[in-house]
Structure formats: structure tokens, C-alpha cells
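I have placed the structure first, in the form of C-alpha cells, so that the comments after it can refer back to it.
We just call them A, B and C in the order they show up, numbering each chain from 1.
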Amino acid sequence: MAGLNGMNTTVAKTIKLYIGGAFPRTESGRSFPVYAHDSKKVYAHLCRASRKDVRNAVSIAKSALAGWSSRSAYNRSQILYRMAEMTEGKRAEFVETFVQTLGYSQEQSNGAVDQAIDAFVYYAGFADKYQQVIGSVNPVTGPHHNFTTPEAVGVVALLCSDEFDFGQLVTRIAAITCSGNTAVVLLSENGAAVLAPLAEVFATSDLPGGVINLLSGFMDELYLHMASHMEVDSICCDCNDTKIIATVKEEAVHNLKRVVLNSPKEPGLQNILNFVEFKTVWHPVGD
Amino acid sequence: MNKTISANNKKNAGETDFVFDYSPALESTDMVKINKQNKLFINGKWTSGKSGKFFDTINPANGEKLAELTEANAEDVDRAVKAARKAFEGSWSKLAPKQRGRYLFRIARIIQERSREIAVLETMDNGKPIKESRDFDIPQVAAHFFYYAGWADKLEYLFNGRNVSPIGVAGQIIPWNFPLLMAAWKIAPALAAGNCVVLKPAETTSLTALLLGEIIEEAGVPPGVVNIITGAGATGAALVNHPDVNKIAFTGSTEVGKIIARSTVNTAKKLTLELGGKSAHIVYEDAALDQAVESVVNGIYFNQGHVCCAGSRLLVEESIADIFVTKLKRRMTSLRVGDPLDKNTDVGAINSAGELKKIKGLIANAIEDGIEYYEPEATTLPQKGYYLKPCFFNNVAASATICRREIFGPVLAIQTFRTPEEAIQKANDTTYGLAAGIWSEKGSKIHKTAQALKAGVIWANTYNKFDPSSPFGGYNESGWGREGGRHGLLPYVEVK
Amino acid sequence: MQRIISLQNHNGEKVSIASPPIDAVMLHERADSFTKRSVKKQSKMDALYKCIEMIDLTTLEGADTVGKVKQLCSKARFPITTELADELAGLPNYKPIPQVAAVCVYPSMVQTAKDALRGTTIKVASVATAFPAGQIPLKTRLQDVKDAVSAGADEIDMVINRGAFLAGDYQTVFDEIEQVKAACDKAHLKVILETGELSTYDKVRLASEIAMEAGADFIKTSTGKVSPAATIPVTLVMLQAILDFYDRTGKIIGMKPAGGIRNAKQAIHYLVMVNEVMGPRWLTPDLFRFGASSLLNDILKQIYKQVTGRYAYDKSFSLD
């Protein structure tokens, strides 16, 4: 039992941020309480990430990009599958978190974990196939070989939905990373406690540090810094606040970062398409 | 260093009297009819603008006025959008997909049949050499309509068996560098996917778009499916801001692209942008040098350098830099700059007085900064009209303006590198990401470089190649989305 | 990657031959650009006259006779009949038709040609070295050259040893050219690569480099007995080799495309290419020749059309 205010003396877990494969506290030293569902009981004090944590996470995600995107698709696939395995291994912890902080039933919680595992497995299996599905060899006129392949967009910022949906969150992260992008994820306050077990899944899946970075904090305070950061290549906005969406679009214009809205919640091809860039290569055919 | 042949090397004096200077070979303009005043093409009819205002369109080859164009105002834009909406909800969506395709095939055929007339008009309005409008632009226009025509009844294959639906009314704004070709890139995929469009050509090059209106009429396309309105920035803004437009497709400068992106922030409009570039052309020491020179020349001087994907930065390996620059200079002396209607002209007129001034200003600043400048001495320019010699700057610092800003003219910036890593790093050192060229005879190095370059189009051992089946578009600030090929349809459909 | 080959010359000195790679597709694009030039009016007339001056009027048939060679020499001196020359003489655009650069014959016909051309500046060129295959012992090939030279040949057109070349024995190819050059004495040496048998542009470029290093005064595409003979792209490869060789050594080498150039339009394409790639310096019979037989009459027809405004018919001009 992880509750700080529980009636026992087990060692509680401190939930920190997950940046660059490490678990730092926020540089700001701030925190915010997460309560046990429908109660005033503090479940945990989460780090309230700051603008500087965002900056730090983005630059780490950026430096992880070259390595991750040049890994073989098969290797990314293996790591995503490992995440599914680790999620299964941590099922009890995820369930406990959902029951405690979101008031899910056991069945609901297990369903959410199932969805997440399905999403990891789905994209583990897609990592070395989507290129064949959405790439092409193009029949150009003239003596040239011409082909189009999808590539990672780069650093993707993810602003999570305020209606916590574990399946959607994992679908998003798995789709983003399976094509070689790196991610900076800002969890919404609601459900942010999932950061603890989820970060541990990533930390134990042979995932290179910096590929996935998880931040907890206040959406209102941080979304602007994610949207305006010039090293962020793409921003996916799952939160429904129209003001936030408009501001994100506005800020995205500075470096023309790709803005992804209304991406499907369920695993599928569209989620990959939303986070790739197409490169077309020409080469002459001659002797 | 420059060992070009000089008169001193003559084996027998007097034998080089023969000067082979091709006599003028002007393409006839007889087939082209230009209306003195041009109307708007709305709802299948040629209609006057509500403002009653006109503006001039100029032949850049001689600075003379070609015709007057209607300045469409917000009311005209509204009429055009309404016509498109009506067509979208009516006749066009009721057509069987195969019938939509038939119209596009028909347009392609008429363009082929009238190709000479269109090419001459394009050259007169734009200033590009007739050999380019004749052998590149117009054949590509026809090919584009032909390619997308065939997609109209095969959209279920776009997403592996999933059905797609059109988006609705697309507002399309195109630039002046490939006037009709850009119209084709916009209209063909939009119509194939079942959308209706309002097209606004660039204010300096609207005549072939209006001719396309005639061709669309001739092809019997139902009224309102394609509407063509002329005007400048204000007309474009009215189109972008019209509430009943579902999608905006824009090709042009990054600056204007950003303005458009901002103005759609509070809307659900879909947006694709094909913007600027500062594309690197990498020449490794193991390249086929003479052909690499050809590629570099084609990469930057094609269409007077008015090409978004122009190879405006040459990155040449230090070990061959001197010999390469010598060869480049020699090759540049054979470029013929002059009357675009002359079949022997390689570099035509800069599209407008304003553009010429802008490019000259950037050149002057770079010269003032002491950057090593070259232009072929012997090249002469016509007295009248807007012309510029092809030129380059050598040993340019990565921080120099001419190395970072898109010039959109026949100006090349040359830098050197020593290792593939340095070449890649320098090539990617730009906020753009449209295209790049790589010259090497070593296949593995080509693939490594191609994978590492952050650009949407990579030309390896070639440059400036285009095809309707080949996706085109950029990374980063070069835009959003792709045009051409299967990928070029994605921005015009919703997946069900 | 640039190919570098180390050879030895007849003095035992090391000769390093560098041959850059050729990209065939871009080469063809450039080559096509020459064929798209529009050469009309006065520039066309000038070009046609210049082409005549550059022709090596050729007959290389097993059936060649003394009579046939004499007729050819007559054609070389007087490309059009005096009758026709008189008819055209009064017309405004007409200039007298120049003589061709040379007559090209087998060694057995050198003496005949020399006699027939006495008193003119027309050169006698002879294909030697067991033309066209070259597949006989070197000793015999060298004798062939010496015989032609002593019979009065001004220019020798030799064939390279393609067998040795394709087998990678570049030293033999180089040695043989050096020895032929020595046998030529004062005669100019044109080295025929027979590009139609070399198959790739990379090999054409390498053979060009070897020929120039070994002492060629001209490099020449083809014997005319193998298809394809001269083409615009293959000539472009050789011209660029000549230009690079000039930049490197200061030595000026000539170029001779031969075979397959049958009409004036093609010839003008070649002239455009030389003009744009090499500059006007190379637009002289000293440095550029056409190896051709039927080309001359087609040029004459074009001149006739330009001068009279009428299309000529074949019999306006004698066949040889």
C-alpha cells in the first residue's frame, strides 16, 4: 500500500519525474498533492514540473533522437514488446494506482491495463511494418529509381487529456516512439500518479534514456512552454480545452511544428501517420 | 587557378575567328490570345469583380503590360466559395468517382493538345525560358492531371481498404514560379478526391490559371467545381478567412505561410503548406564531377533560381573544391541569359521588378560584406526587362545571410567540408528542410547521407527532378504535408 | 571513385593515369541539351560551312578501288559541281563551298589519294594498325603504320587493343599507342577507342586518358564498323577528358567522332556541343573532325536550301 496516510508503516514511494532515464525531482522543488479518490486523503505528493524541467526534458529528448531513430525497427519493436511484458508484471501496481486515485473498480483497472498492454504489443508488432504499408516505390518517368519512406518527425510533445485514459496514453506513446520519435509527455493532473509505475516500465525495458520523458505538473502552467519550444518538432494535443488548442496552434507557427489534434484513441495506422515525415529519394538508373 | 582557354593558347592565329553565336530563335506568339481585361471564373461563368478594380500583369521579359486582371474582393471570394460549396453538395458529390476521373483525364488531354499555346503564354507572363515551359512545366501539368485522374475511382486503396471521404471546399493559393504547374498540383488531387476548389493564382502570373479556367469549361466540368479568382494578398486573405472553407492549401514563402497558419488558429480548417527552402547540394570527392557540375547548375539556375527546392547551398568536399569551382565557372559561361521566348535561352527574366530588386539587394549586401563573388563576365543582359546574371558566392560562412535566407534567385552560396559528418551537419544547419542533393559514386555513402539529411526530397546523383507520382514537400519550416503521389491525396481526404 | 592506374612509359618512367567516374543519366541530360538548341538563319549557314571544313571524307570498304578513291578526292576538292557552283554564285547568301579537312582511306590507297590531292591543303588520313579489329601481331600493325606514313599519309587513325583493354591490361594498350606514335614520325595520330565495344562511359573515359597520356594527337570514337558508333554522349565524355587533360598538362588534344553522323542536323548538334563544352577554341579542323561519308552531301543540300529557298533533290549532288 502506497498511501502516505495509510494506517501502516510500509515504505511509501516518492513519485518523481522521469527525464533522461533518471528519476529526478523537479528542479523547482514544488509538488502538488494527489488525493485518494473522492477523499481528502493525500495519496502522494507529485512533482510539479516547472518550465525549466520542460526545457531540460526537451533537450534530453532531442539528444536521444539520433540514437533512437537510427535503431533498427526490429530493436524498437523488441523494446516496445518488453514494455508490454513489464506492464503485465506491474499489473497490480497499476491497478492499485487506478483504484486508489481514480476510483476505478478492479475490473475497470484491469481493463485499462489490458488496453495498455494491447497498445504496446500492437505497436511492437507495427514498428517494422508500417514503413511497408505507408512507404512506396514511385513509378516516375525517366531513368530514376524513386522511393518514399516514413521517418521520425523528431521530438514530440504530448499534452495529455484531462480525462485520464490509460489506453489512449499508451497508444500515443507507443505510436510516437515506434517510428523513432522521442517524446516529452505532460500528464494531466488527473491520473498523474500513473507516472510512477509507467516510468518504471520504461526504465526496465531497455529503452535508452531520454526517449520517453514523463512530467507531472499543471497543464495551464506548462503547455505554453511545450508549444513554444523551438526544438519541439511536433505537438500532440489530447486535452480538450479550446483555449489551449488555439494557443498551441498559435505558438506552433514559430517553427511550424506539426500540430496533431483528434488523433484516434485506439491503436491503428493513423496514429503512426500523425507522427512521421515522408522522405522521397531519387537516384538515377544507369551505367 | 582558373585555367580557362585564353587567346594565348591559339595553335594557329586567326583560326578562332569563327564565333558560333546562335541567331535569335524566337518562339512565335501567334497562337496566344490575351484578353485586355480578364474576369473571374466563378460557378462556371466568367464574371466581373464586385469592386470594379483591376491591376496590371507585366511581361517581365520587357516590362510591358500584358493585360489587366480583376481584383477580387471579399464579396467575390464569398461568391466563389458559395459556388464551390453548392457544387460540392450537389453535382460533384453525386457523380460516380469514375466520372470525376473522366473530367480530369479530359483536362489532361486538352492541356496536351494546347500545350504550345499554354507554354508560350506561361513564358510571356512568368519570364521563364520557353524551353522550360515547353519541355518541363506544361508536360508536367498534363501528367499531373493524368496521374490524379486515375485515382478518382480508386480511393479505397489509399488506406488499405478503408473508405475515405472528401473534405469539402478547398481554398488554394499558389505562387508565381511555376504558375500553371502549381495550379495542377493543387487542383488535380483535390478534385480526384471529390473536393471542390477556389484557386487564387499569384498576382503576377494569373494568365495561365485563367486559361486553365477556359480548359475546365471546355472539358465540361460542372459549374462551381473549380473557381478561379485573381488578386493579391487581400484576396488571398479573404479566401483563407472565409468561414465556409474547409481546407487551405498554400504554396509560397515561409513568411506568408506562417501568416496563414496563424489566421487558421481558431478554426477547424485543415492546412497544408509548401514553403521555402535553403537546400544543400553536397558534392563528395568521389562524385562524377562533370555531371555534378551539371547538377549544381541545374539545381540553382533552373527557372532563374525561382524554385523553392533550389540547391542554393553548394557543399563541396575541400579536396576537390578548387577544381570544382573552376569547372563550375566554365560551365556558367555557356549559360545563355536573355529573352525567355528565345528557344536558346537558358536563364530567362526575373519574375518582377520587386523580386529583382530584392535579389539584387541581397547580392549587394553580401558583396559589401566582402564575400567572394563570381558572375560570368562575358554574359550580357537585355536592355529592357528584369534580368540577372547567374552568380555565386564562394567560401561563405555558415552564419552569412546568403547561407541562411532563401534568396529565390540565381544565387549560389558555396561552402566546403572535410568529412561526411560535417557535410550532413552543415546541410542540416537550416530552419528549412525541403530538399537536398548528394553526389557520390559510393552507394553506401549516398544512403547514409540520404538517411541523415532532414529534408523531404533527396536527389542523389541528380537534382530538380519531379514527377506526379513522387511525393514532394518538406520538413521543419519548409511546410506541412506532401504533394504528389499517393501521399499527395492524404491532405484532401478524411479517413472513415 | 576516381580510378588511378600506374603504368610505365617507354623510358621506364612511372605514368599515373586518373580517370573520374561518369554518371550516365546526367551525362545524357547534358547531351540532350545540345540537340535542343535552335540553330537557324546565319548561324546555321556558318555552322554548315564550318562542318564541311571539319570533315574527314571517308571510304573504308573492302570494295574500294583506285577509281573510287580518286572520285572521293575529287569530291573533297570540289564538293559541288562547277555547274551548280555557277548557279549559286550569284545568290546573296552564297559563299564558295570550302574543301573538306581530309580524305580518309586504307593504307593501300594512300598513294592514290596523295596524288589526287596534290597541290591542295587537304590532308590524307589513313586507318592503319590492322583496322578495324587490330587483331594481328603488333609488329605487323606497326609496319602497317610505317607503310602508310611512307606512302605520304599526313594522319594515322589507329585502333586500340580492345582485347587488352577489356582484359585490364592497360600497360599493353599504352605501350602499343606509344609505339604507333613513334612509328607515325611526323604524321598526326588519331587513336580510335571503338567506344561501341567498351560498353560503359567509365571505360571510355579511362581509354581516353590512356590514349592521351600515350601520345594521341586526336582521340576518336569509332571505326564505323561497330554499332553504336559515335554518339553525342560518348563524344561528350571524350571532350571532357580532353578539357581536363588540357587543364592538367596544357596539351591540346583534338576530337573526332566517327560513324553514324549522316546528316547536317546531327553535325550541328556536335558543333553546338564543342562550342558549349570546349569554347570556340576547339571549333577548328585542327582540333575537331567528323569521320563521315554521306554527311557532306546532306550539308550541301541544306546549304542549297538556305541559299535558294528550295529543297534540293538527291541528284543535285554527286554521290562521291
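The rule is simple: a residue touches a chain if its C-beta (ideal position, glycine included) is under 8 Å from a C-beta of that chain, and two chains touch if they have at least 3 such contacts.
In this text, all values refer to a predicted model and were calculated from it rather than measured experimentally.
Colleague: Please name the chain that ends up farthest from subunit C once chain centres are defined by their CA atoms averaged.
Modeller: For subunit C, the chain whose C-alpha mean is farthest off is A.
Colleague: When I count C-beta pairs in contact, which pair ends up with more: B-C or A-C?
Modeller: B-C
Colleague: Please indicate the chain closest to the centre of the assembly, with centres calculated from CA atoms only.
Modeller: Of the chains present, the most centrally placed is B.
Colleague: Taking each chain's centre as its mean C-alpha position, how far apart are subunit A and subunit B in Å?
Modeller: Computed from C-alpha means, the inter-chain centre distance equals 38 Å.
Colleague: In whole angstrom, how far does the Cα centroid of subunit B sit from the Cα centroid of subunit C?
Modeller: 43
Colleague: Taking each chain's centre as the mean of its CA atoms, how far is subunit A from subunit C in angstrom?
Modeller: Here the centre of subunit C sits 70 Å away from the centre of subunit A.
Colleague: When you check subunit C against every other chain, which residues touch at least two of them?
Modeller: Residue numbers touching two or more other chains: 23, 25-26.
Colleague: What positions in subunit A touch 2 or more of the other chains?
Modeller: Residues 144, 284 of subunit A touch two or more partner chains.
Colleague: Give me the residues of subunit B that touch two or more other chains.
Modeller: Where subunit B meets two or more other chains at a single residue, that happens at 461-462.
Colleague: Can you list the subunit B residues touching subunit C in their complex?
Modeller: That would be residues 3-5, 9-12, 15-16, 18-23, 25, 131, 135, 286-292, 294-295, 298, 323, 326, 333-334, 343-344, 441-442, 461-462 of subunit B.
Colleague: Residue numbers of subunit B touching subunit A in their complex, please.
Modeller: So the residues of subunit B in touch with subunit A come to 143, 159-160, 254, 257-258, 261-262, 264-266, 273, 275, 431, 446, 450-451, 455-462, 465, 467, 469-473, 475-477, 479-480, 482, 485-487, 490, 495.
Colleague: Touching subunit C in the complex: which residues of subunit A?
Modeller: 143-144, 284-287
Colleague: For the complex, which residues does subunit C have touching subunit A?
Modeller: 23-26, 28, 199-201
Colleague: Over in the complex, which subunit A residues touch subunit B? Could you list them?
Modeller: Residue positions touching the partner: 70, 133, 136, 138-142, 144, 146, 148, 233, 246, 249-250, 252-256, 258, 269-270, 273, 277-284.
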